[in-house]
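Down below is the structure, laid out as structure tokens.
A, B and C label the chains in the order they appear, each numbered from 1.
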Amino acid sequence: MKNRNLKRLLAAVTVSAMSLGLMTGCSGGGGEEAKTDESGATVIKFGIHVANPAEQEAVTNNIVEAFNKANEGKYKVEFEAADTETHSKNMKLKAEDGTLPQIFWIEGSEAPEYSEAGVLLDLTEFLDENAEIKTALGGMEEAFKDDNGQYGLPYQCNVQGIFYNKELFDQAKADYPTDETTYEDFIEIIKKLKDSKVTPLSIGSKNSAYAMWEFNEFLARYGWEDNIGNILDGKDKFNNKELTACFEKFQGLKDAGAFPENMATIEYFDAKQLFNEGKAAMFGTGQWDCAEFDENIGDKIGFWWGPKFSDTQSSQEIAMKVPSAPIGVSAAVADDEKLKEGVYEFLKFYYGEEAAKLSYEGSIFPATNYEGASASDSQYSMNVMIDALANGWGSPQAAPDLTVSSAVQEALYDGIFGVLQGTYQPAEALDKLDAALANSK
Amino acid sequence: MVNKRKKAVQYILMALITILVVFPFVWMLVLSFKSNSEILSSPLSLPKTFNFDNYRHAMETLNFPRLYGNTIFVCVISLAAELVITFFSSFVLARMEFKNEKFRKLLYGFLIMGLSISPFILLFPVYKINVFFGLRGKLALIFPYIATSISFNTLLLVGYLKSLPTEIDEAAVIDGCNIWDLMIRVILPMTKPVIATVVIFNVLYIWNEFPFASVMLREASDYTLSMGASFFKGTYTVDYGGIVASSVMIIIPELIFYGIFQKNIVEGMTAGAVKG
Amino acid sequence: MPGESPVPGSIIFKKKLRKRHKKDGLIFMHWLSKKKYKIGLMVPTLLVYSIFIILPVIIAVRYSFTKYSGIGQAKFTGLKNYARLFQDKIFWISFKNTMVMFVLAFVLLLTLSFAIALLLNNRLKAVDFSKALIFSPAIIAPIIVGIIWVYILDPNIGIINNVLDAIGAGGLKAKWIGGDKLSPYSIAIIYFWQQLGYLVTIFIAGLKMIPGDVLEAVKIDGASTVQEIRYVIIPMMRTTISTVAVLIITGVFKIFEIVQQTTGGGPNHLSETLVTYSYSMTFSSSDYGYGMSLATVTFLLSLLITAVYSTVTKEREG
């Protein structure tokens, strides 16, 4: 009796183990080779850093849809979508087991790591074959080159600076900032705004340490681009004269009361909301928020690169129009002619004129430059940025925060926010950067 | 008289605790009827109108039937498997005789140890192990879920199984039960309250689990409910209204489920069923 | 000691209890405890557990001796990560915060969830309803728990500070979260709120397992409530109490989403816990090796405290 039951039990276990083996055996085979959909079109996977591209990366979604429509039955681009944090984790894992999507967005500071691991396709050939795209990129691609070649292309182009609400400036009787406005003028403006009971510069530091775009301009104007090579090579330190002066300016902003009191518990989104509602006079961000500002602030919007500094020898005539994080192509694509053709076809479209137009329509600066692609009159925020760009100032090759490895980048964000909140002294924050660099070697 | 006063105190306490605990929860319901900018700018105010925009938007964005379907599928399979295997192993640890008592303790400690492990340590290695075994899609999720439940279930089941009087076994053995009968016919019915507790916790864990789900599932067609909230948070935008509304929709089945379980099973058991 | 108890029925009960708990009494199990049964019944659990929990932990621990970004080759660096860890100020801040949360959550949760379970175990009207409601926080996804509490604790937009202002007690306002001191305490309270229903449920299930006739007998003997709890319920609930204690200890060392949502570990890592700091190192700073060394230490610490707890309670019992 009991023996029979035991046998039954064992049999059940064996059967389930075997069926499990079968199931896994069936699904285990096959990498991520070229797949086709019902219509016979070659499917190209595009790994993107938001879970819901139709809403959260509308421009890219539109470009992909336009491409799919134009290539019906031939190629079909499908998103592999996950929120940024998950996406970054997933791409790393997939790089390890060789199942990367054909095209994918890469966190800027992590891209060189992918390149070193040899999982990215060298796109030099693509650019050579498509000279007009190389021209349209106008050097933007240089940021994503190393010994392994052209490992990525800019996903978009970021124009970053400080947006301001003219109405609130008028109420506070403060002058609008201009290209010539100095740091000292800026402090005066902040005081006036503060007196008129608005938050001068909205910022949130919770979970979004990356929200420091306006401070890239500060770093750039204190000679970041010239010095960073030496610092990374160990010939200089972050805790040097220039950067100390720069970080002291951050401290000055804090002392002037420029930020919301609860900046530690609000996020970038909440900070933006303060600006949208006219509770804060300035907000540092990039062009991706243009559509939102058009809706909330309309033609009262202004745009400014940031203050000029007099205690440095570095050039002050710097704009901040820089490549955003790159997109890369999986090296595995090279093994499949048909797939490679499709990927190139898509890149040609993505960096082509039609896509550039779609991009401007959605208030995003594409990485490319084409005559005739620009914003319409009602895109107020986009237009004030285009005006600001008209002064012809050069931009760094890459945004300062994207020129260092992830660990140093974290320390940089941490250091800046530490000074802004008064937890760090400037020198202390810079020492932490040096320590992070030493640890990452 | 004393008894009456005692009862009154008990009622007041119960009401007070309930209100305190439930307040944030109710508030979430309130938030779900406010627009995103209302939530951000005046979080303390009551919604101006009862609008269902957040719910409409959540329904449009998320494929709820599929999300529910996937979650229930993963949940049922994992739950069935983990209950069976942990009940058996806990029975061994709690009621069987070991020649070496230390070995039993070691085995028990070994299985409990998993409680101390935070799931994200496991993410990368488990992913690689899944790849090695060729586990994909929902299967890639089911095994980690079964594994992570083992420690918790062992802790609870062994604890309760041990506390059942030994006379039960004696009586059963004298009556001629074999091991199978003893486990399934005699012991199992007596452990209903704790099984119900384990089921509730296991289901809730799977229902809300995010780290594994986000890393192991590749195809949107396999996504589970807990991944819903990520659809409302982009790099530069966040839709709190959408997050809150979709959370409420995720919670409702859980509430119903909990209601059924606690009434019919936990409450239905009379403590007197276990006679010493 | 309960032995000198003046309560009339207590000696009888102690005898009963002793008999129940005497593991040597399992003589009749002897002939059912055959090796093949034991192995057959244990193997599925051990197999799944070893492959999906133990093996991954071993892999993770191995990475803690390397420099690894998550892609490419890991470079063996010996004990370097651990040496760095002990000099890392933020590690010590996270350690301190975690311990604060642990002590606070442990004391509050263990005592209050037991008390509430006792209360709800009474025959009261609407008690089921109340039980369901008290349990409700436990079913909210942890991410949402964080969002809800931000609106309560935030120094500017949170309810608490606004109410304090409104009733003219503005002086009591504080940076409940986001400041440099109170965050770990606030997080412990949130954790308390979230876990209460869970633990009450476990305690109630435990109370249900106490044979009804035992409690009836106490009533007849006229034991007062306090005596009943102390000499009958607590001894019979020993396993449940230690179950809950272990869950609290190990749970506190896994608190993650609440911190991420309320403060993100900030400002400047001041409210970081061991888990969040290790997460931030692993994924935000792409320092997988160092992150895993932090995770390993956290894991060992949690094991250690659990072990100390079991030893101490065993000695007291024994």
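Just a few scattered comments:
The criterion applied here is as follows: a residue touches a chain if its C-beta (ideal position, glycine included) is under 8 Å from a C-beta of that chain, and two chains touch if they have at least 3 such contacts.
Please read these numbers as outputs of a predicted model, since none were measured by experiment.
Contact counts per chain pair peak at B-C. In this assembly, A is the chain whose CA centroid lies farthest from the centroid of chain B. One inter-chain figure worth recording: chain A and chain C are separated by 39 Å, centre to centre, where each centre is the mean of the chain's CA atoms.
Here the spacing of chain B and chain C, counted between their Cα centres, is 15 Å. Per-chain Cα centroids separate chain A from chain B by 37 Å.
Contact with two or more other chains is made by residues 6, 9, 89, 96 of chain A. Counting partner chains per residue, chain B shows two or more touched chains at residues 124, 128, 178-179.
In chain C, 37, 44, 70, 157 are the positions where the chain touches two or more neighbouring chains simultaneously. Only residues 6, 9-10, 13, 85, 88-89, 92, 95-96, 109-110, 113-114, 116-117, 119, 205-208, 260-262, 264-266, 405-407, 410, 414, 417-418, 421, 423-424, 436, 439-440 of chain A touch chain C when the two sit together in their complex. Against chain C, in their complex, chain B makes its touches with residues 7, 10-11, 13-15, 17-18, 21-22, 24-25, 27-28, 31, 43-44, 84-86, 88-89, 91-92, 95-98, 107, 111-122, 124-126, 128-129, 143-144, 146-148, 150-152, 154-156, 159-160, 162-166, 169-170, 173-174, 178-179, 182, 193-194, 196-197, 200-201, 204, 207-208, 210, 226, 229, 240, 243-244, 247, 250-251, 254-255, 258-259, 262-263, 266-267, 269-272, 274-276.
By the touch criterion stated above, chain B contacts chain A in their complex at residues 37, 40-41, 61, 123-124, 127-128, 131, 133-137, 139, 178-180, 214-215, 218, 220, 227, 230-238. Interface residues of chain C facing chain B in the complex, by the touch rule stated above, are 16, 20, 22, 25-26, 28-33, 37-38, 41-42, 44-46, 48-49, 51-53, 55-57, 59-60, 70, 116, 119-120, 122, 124-128, 130-144, 147-149, 151-152, 157, 159, 162, 193, 196-198, 201-202, 204-215, 236, 239-240, 242-243, 246-247, 250, 253-254, 256, 275, 278-279, 282, 288, 292, 295, 298-299, 302-303, 306. Residues 36-37, 40, 44, 69-73, 84, 150, 153-157, 177-180, 260-264, 266-270, 280, 283-287, 290 of chain C are the ones touching chain A in the complex.
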